[in-house]
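Look at the two complexes coming up: chain A is in both, with chain B in one and chain C in the other.
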Partner chain A sequence: MGKFILKRFVYAVISLVIIATVSFFLICMKPGDPIAAKVSQLPESSRKVLVVKYGLDQPMFTRFTEYMKGLITEGNLGDSIVYEGRNVNMMLKTSAVVSAKIGLMAIAIQVIAGVLLGMIQALYRGKLSDQVIRVLVVLAICIPSFVFCALLQYFIGFKGQITPIMGWGKPVHYILPVAAYAIPGIATYCKYMRTSTIGVLGEDYILTATAKGCSQTRLVFKHIFRNAILPVVTMVPVAISNVFAGSMVIEKFFSIPGMGQHYVKAVSDSDPYMILGMAIFFACTYIISLFFVDILYGLVDPRIRVAKSAD
Partner chain B sequence: MELNNNITFAEDDFEVIGTKGLDAEKISKPSVTFWSDVWRRFRANKLSMLGLVILILVVIMVCFGPFISGKDYQFIDYSIKNLRPNGTYWFGTDEMGRDIFTRVCYGGRISIIIGIACTLVSFLIGSSLGGVAGYLGGKVDDFIMRVIEIISSIPYLVLVVILSFVLGRSMFSLVFAMTITAWTGTARMVRGQVMQLKGQDFVSAAIALGSSPSRIIVKHLLPNTLGIIIVNLTLSIPNFIFSESFLSYIGLGVQPPETSWGALASLYQTRLMFDPYQLFFPCLMIVLTVLSFHLIGDGLTDALDPKLRK
Partner chain C sequence: MKKKLLSLLLVTAMTGAVALTGCGGKDAGEGGSGEGGAGDQEVIFQLTADAATLDTIQTSTMADQRSAAPIYEGLLRRQLDDEGNLILVPGAAESYDVNDDETVYTFHLQPEGKFSDGTPVTADDVVYSWRRAFDPDLASPQSWQLQDMVLNAKECFEGEKPLEELGIKAVDEKTVEVTLTSPNPNFLTVLTFPFARIVSKEFVESKGNKFGSSVDDIMGSGPFKLVQWDTGSSMVFEPNENYWDKENVHLKKLTLQVVAEASTLAQALMGKEIDIAELNDTDWNDQVDALGYYEVTEVPQMSTYFFVFNCDKPQLNNWKIRLALALGFDREKYNDEVFDGKYIPAYSFLPPISTVGDELWTDVGGDSVDGLKTIAEKYPDPKALLIEGMKEAGLGEDPSALTIKYTTLGTTEIVKKSAEWMKQELESNLGINLSIELTEWNVAYDLIDASDYEMAFGGWNVDSGTEPMRFLKLFEQTEGYYGGEKVHWTGEKSEEYSKYAIEMQQIFDPDRLLELYKLAEPLVLEEAPVTPVYFTKQRTLIANNIEGYQVHPFLLQDFVGVKKTAE
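Up next is the complex of A and B:
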């Protein structure tokens, strides 16, 4: 097991280094001057100062080593070129919490609702409730998230006057974005849970439990639920790592000061180091969660552990 | 009860009747090819046929809509701005007086073309690399799988956003940005299939007859994975349409005056409170198209899988 964890860890680090390198050179190769808009009104001497300050006079490779040095020794993800005195770390401190709050709440709703609906579908397979949920699931998967945002905003915020249509700060502001974030995920979890529960229902130990006179409630909670939820649980860590990058559309729509909105803004501002720093942060959270999922799989499922140690 | 032992049987009592003139060895049903069998099973699935009909209608509308409406999608006329849907402007007009029906048709062309182009590119790269990795195994397989592992450990949207930021906003760069990571899924799937098929007898027979590896991959392995690949294709087109609409929505997609469903939705979202019909039509088209592909994909899964035959 130790060898397996070490191997996974080395892969994770290699992926991260490759991603940081490739994104750095990609972003720096973009044609055009990143400070052009800022310095167009300034005299030549001030322009020179800025060019030196951001290291734009250096060759790309020197800038790369400088950046990596700052990243590894100080954890500095990069400074904004467009806005004076703003950097990625500062921005992360304020906005990551916002994105995380919305995302985690939405994921909690997704898992609970998805698992419940999926179980209902599987236990009443072929009945009316199964058909109705199935249609809803297909619809939820086929509708892009900005359409959900629009529908919620129009009917609940605007027509219904139940919640404010956008903004941030009060608890009531959470309702629409969390709902918009949660709906597509509920459908996905529901689909997986249905398949997994149907698989469990066909197993011999369910037959055994029924045969020995297990009560219906006990059967569902002790035998079916416990086994069916496993594949669903392993999807959660990756979903959690996606909360930072996954809500770009929703944050933009409801003008929430989260990471997604800052990322979109950095792109429209053409702010290279902001994009780079945030991309590295996103990739980092994603890779770390993949690493944990791999280990989790190894711990939960003995078959994988055996297969891994064999090769 | 008394048994009657006096029954006598005649010779012709045991004759099979009703089979005169029939040839038991003759195949009465005309032989059916695999694809017509698939089509027969697909046709029996009402939901999937509904999906196919919706898709055909959407494609017809997108192709011929602008000719039917007879309007230009870029023509600006402020005197007719923000008109509700009516007899002349079927989907109404937008803030600049442009006909939304014509714009939705033009946008649909771009969205659907991008969806299909991305799918084809990622399918070509994915199935050839996956096929090679699965067939050759060993070092080549290790290397390709490592590359796939690294590529797929980057969050998809983050990479797409970086690439379309770097490459600019042409249609080519959009397709490139979206396919660069998407082929890994196809490659994994094809590899798995090929590895499974590789050990089967018909492949051993082909090897014994002296076929070259490329011939075995192209002639024997790929056709046998075709079913799963086709299902995968139909389900990946809507995903690309989704990604494109997402990119256009955050301002990284196609650039004006070109437009797509996502770009239209992004543009009309600002008028949501006053003229919700403007946002409604592009969204409706996205939903209908994606839904039809999902329904067709579900039907094909059932139709192509011999195990599900009734």
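Up next is the complex of A and C:
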């Protein structure tokens, strides 16, 4: 196990270096000038001062090594050129935390609701409940999230007066965005759970358990649930890694101070170190989540672990 | 063993999830009680975007400037007088003197002027604030507006002279002297702009380049101080208890709430969650107005949209043809049917809030105010005018033989609707063919630049001054934005126009300016290389229980004098 983890760690570091390098050069080659995004009517002499100030006159390679030096020695993920004084570390401390809170709550709801609905579908396969849930699932997956935002806002916030329509700061402000975030995910987990439960139902050990006279409850929870949930469990770490990036649509609709808007803004402004810093951070969370997925797989399915150690 | 670990993991995850959802449910119950009792002196004001920075000299967007306005104060402030005109009132300076040739201004600071941390506002702070604005290393995006007025400002900004030579100095602790390059009536107005407002030297130096980026790094001498900033969502302000005019600061809490979506905003307004907002969306206007909770104020902006005709093309070379096109559609009908009355039909390039000296253009402009209407009386039959023009240009007498290509500015639904309306109208009124080329806006600008178009759409916004010159200079044929090789307007009248347009940029005498405007505008309207279509307007909704909130497109509200009354 130790060797396996070490190997994954080395791979992760190599992937990160490659991602950082490729992103940096791609960003530098992207058209669009961060100084123009900041100011358009600058006298040429002042522009030159700015170019020097941000090191934009340096060769790409020098800029890259400078950036990496800052990243490794000071942990500085990058400063904004367009917004004086802002940097990625600050964004992560404030905005990514907000996005993560919403995302984690939504994932919790997604997993619980998705798993329950998926199991109901599988256990009552072909019955009315299966059909109804299937239609809802297709709708939830197909309808874009801004439609849910608008619907939730109208029916719950405006007509129902149950929650505020938008805003941030009180616990009640979480309800609508979390719901909007959760709905498509519930459908996805539900679909996976249904398929995997149906698979489990066809296994010989279920037949054996039934033949042994195992009670219905015991059968469902002890034999079906535990085996069927495995593929869903391995999806969760990747979903968690995505929550830090936030969702621009949901943030815009509900006026939430999350991460999505900063990421989109940095790209449209061509703000190089902001894009790079966020890209590296998101890559990190993704790689870490994949690492957990691998370990989880090993834990839940001995066959995979055996195959890995046979390499 | 492993299975047990996994079960434990799952159980933990599930319990956590249940606990979290549990929280959500409980909060829902608490939230239903609603907010917003009257008399609490809390006002929620809507912005469409969040500020990027609150460093005075770095502010550039409308959101930056509006958010900075309550925190920082300039030497002078702007307000509306009883007749709705913008006037200058004392700000950080209690009064000022000016020398005889109007080049040296001496400002006397408020004796009680203090920053929100209680330190006094000194002349050194003012000098420091202005030097920052012209510091090439800091590169303010806005200070060019003062750079031709203040002595050595341009040289300092371009790094040719040290900042110590900037034309501003501290005479004593509460007196500042500013030297101008030449007399300029606009100078005092520019002092109210955010980049020229005052920051604390000590505070800014202690923050370095972090100044303006977060709550802890922001401090000014204005009526309010920032106490909370959730980037992308809201800003909360509380009164600056050290403000010199604190008697007139009535609000206990001011929130700038970012709401970008029109549907979100409309519903929030209908739920009375917001006190002051700007909403101009025809899907929602009526529903919100029907509530009767908001007073709606519509003010024109300094923003004009117009058609541009390429005079170099044989079909459009003759002015009669162009004028026939300009008169060939009903602007009122266009505004009502295409935009549901969202804009103001334009019969002149000068928006109704344009001013000449201290007078409104609409009061002193006479026949020129709706210049195109006067011209329309002269040419009651556009179709006859068109045929006349076609004959002169050797294009025959049959309007149906004339095809004009219309390059749209963008490809959105409203642009399509507008182009189709125009096609139908011009074809039925004039009998010509209009072929629509749907073009992305950035491509359309490139085509206009390259003079590769026949009829196109353009617009111009001004966000700092109301002089008609700001629009009329656009069509001047040597340097105007819509002049020269883009439009190819030539001939005697074009030259005469350019002469007037150049002169109006060099003088400040209101009488002569008015004369020039009246001489110049009819020329461009009648020759019609461009023809005005509509002006935009700002539509502000103010809750009935708010008092003292003034609406003007250039007015940055500092919320002094604004209060909530019990209904």
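Keep in mind that, in the parts below, the second predicted complex is superposed on the first by the 290 of 311 C-alpha atoms of A that agree within 3 Å, B and C clash if a C-alpha of one lies under 4 Å from a C-alpha of the other, contacts with A are read in each partner's own complex, and residues count from 1 in each chain.
Convention: a residue touches a chain if its C-beta (ideal position, glycine included) is under 8 Å from a C-beta of that chain, and two chains touch if they have at least 3 such contacts.
Bear in mind that the values here come from a model prediction, so they are computed numbers and not experimental data.
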* Asked: Overlaying the two complexes on chain A, which is it for chain B and chain C: clash or fit?
  -> clash
* Asked: Who touches more of chain A, chain B or chain C?
  -> C
* Partner chain(s) touched by A:94 [first = chain B, second = chain C, both, neither] -> second
* Asked: Does the superposition put A:144 against chain B (first), chain C (second), both, or neither?
  -> first
* To do: Return first, second, both or neither, reflecting whether A:233 touches chain B, chain C, both chains, or no partner chain.
  => second
* Check whether A:83 is in contact with chain B, with chain C, with both or with neither, and answer first, second, both or neither. => second
* chain B versus chain C as contact partner of A:60, first or second or both or neither -> neither
* Is A:253 touching the first partner chain B, the second partner chain C, both, or neither of them? -> both
* **Which superposed partner A:158 touches (first chain B, second chain C, both, neither)** => both
* A:290 contacts which: chain B (first), chain C (second), both, neither? -> first
* Asked: So, A:108: does it touch chain B (first), chain C (second), both, or neither?
  -> second
* Structure fact -> Superposed model, chain B vs chain C, clash-positive stretch out of 39-47, 201-209 or 273-281 is 273-281
* Which parts of chain A are touched by chain B and by chain C alike? -> 150, 153-154, 158, 165, 252-253
* Asked: What does chain B use to touch chain A in their complex?
  -> 149-150, 153-155, 157-159, 161-163, 165-166, 238, 242, 245-246, 249-252, 262, 265-266, 269, 272-273, 276, 279, 283, 286-287, 290-291, 294-295
* Asked: Taking the complex as given, what residues does chain A use to touch chain C?
  -> 38-43, 45-47, 49-50, 53, 82-86, 90, 94-95, 98, 104-105, 108-109, 111-112, 150, 153-154, 157-158, 161-172, 174-175, 178, 226, 229, 233, 236, 251-258, 261-262, 299-300, 302
* Okay, in this complex, where on chain C does chain A touch? -> 2, 5-7, 10, 13-14, 16-18, 20-21, 23-24, 27-28, 30-32, 34-35, 50, 52-53, 55, 58, 60, 136-137, 139, 141, 144, 154, 157-160, 209-214, 217, 230-234, 257-261, 263-264, 267-268, 270-271, 273
* List of chain A residues in touch with chain B within their complex -> 11-12, 14-15, 18-19, 23, 26-27, 29-30, 138-139, 141-144, 146-147, 150, 153-154, 158, 165, 241-242, 245-246, 248-249, 252-253, 263-264, 267-268, 270, 275, 278-279, 282-283, 286-287, 290
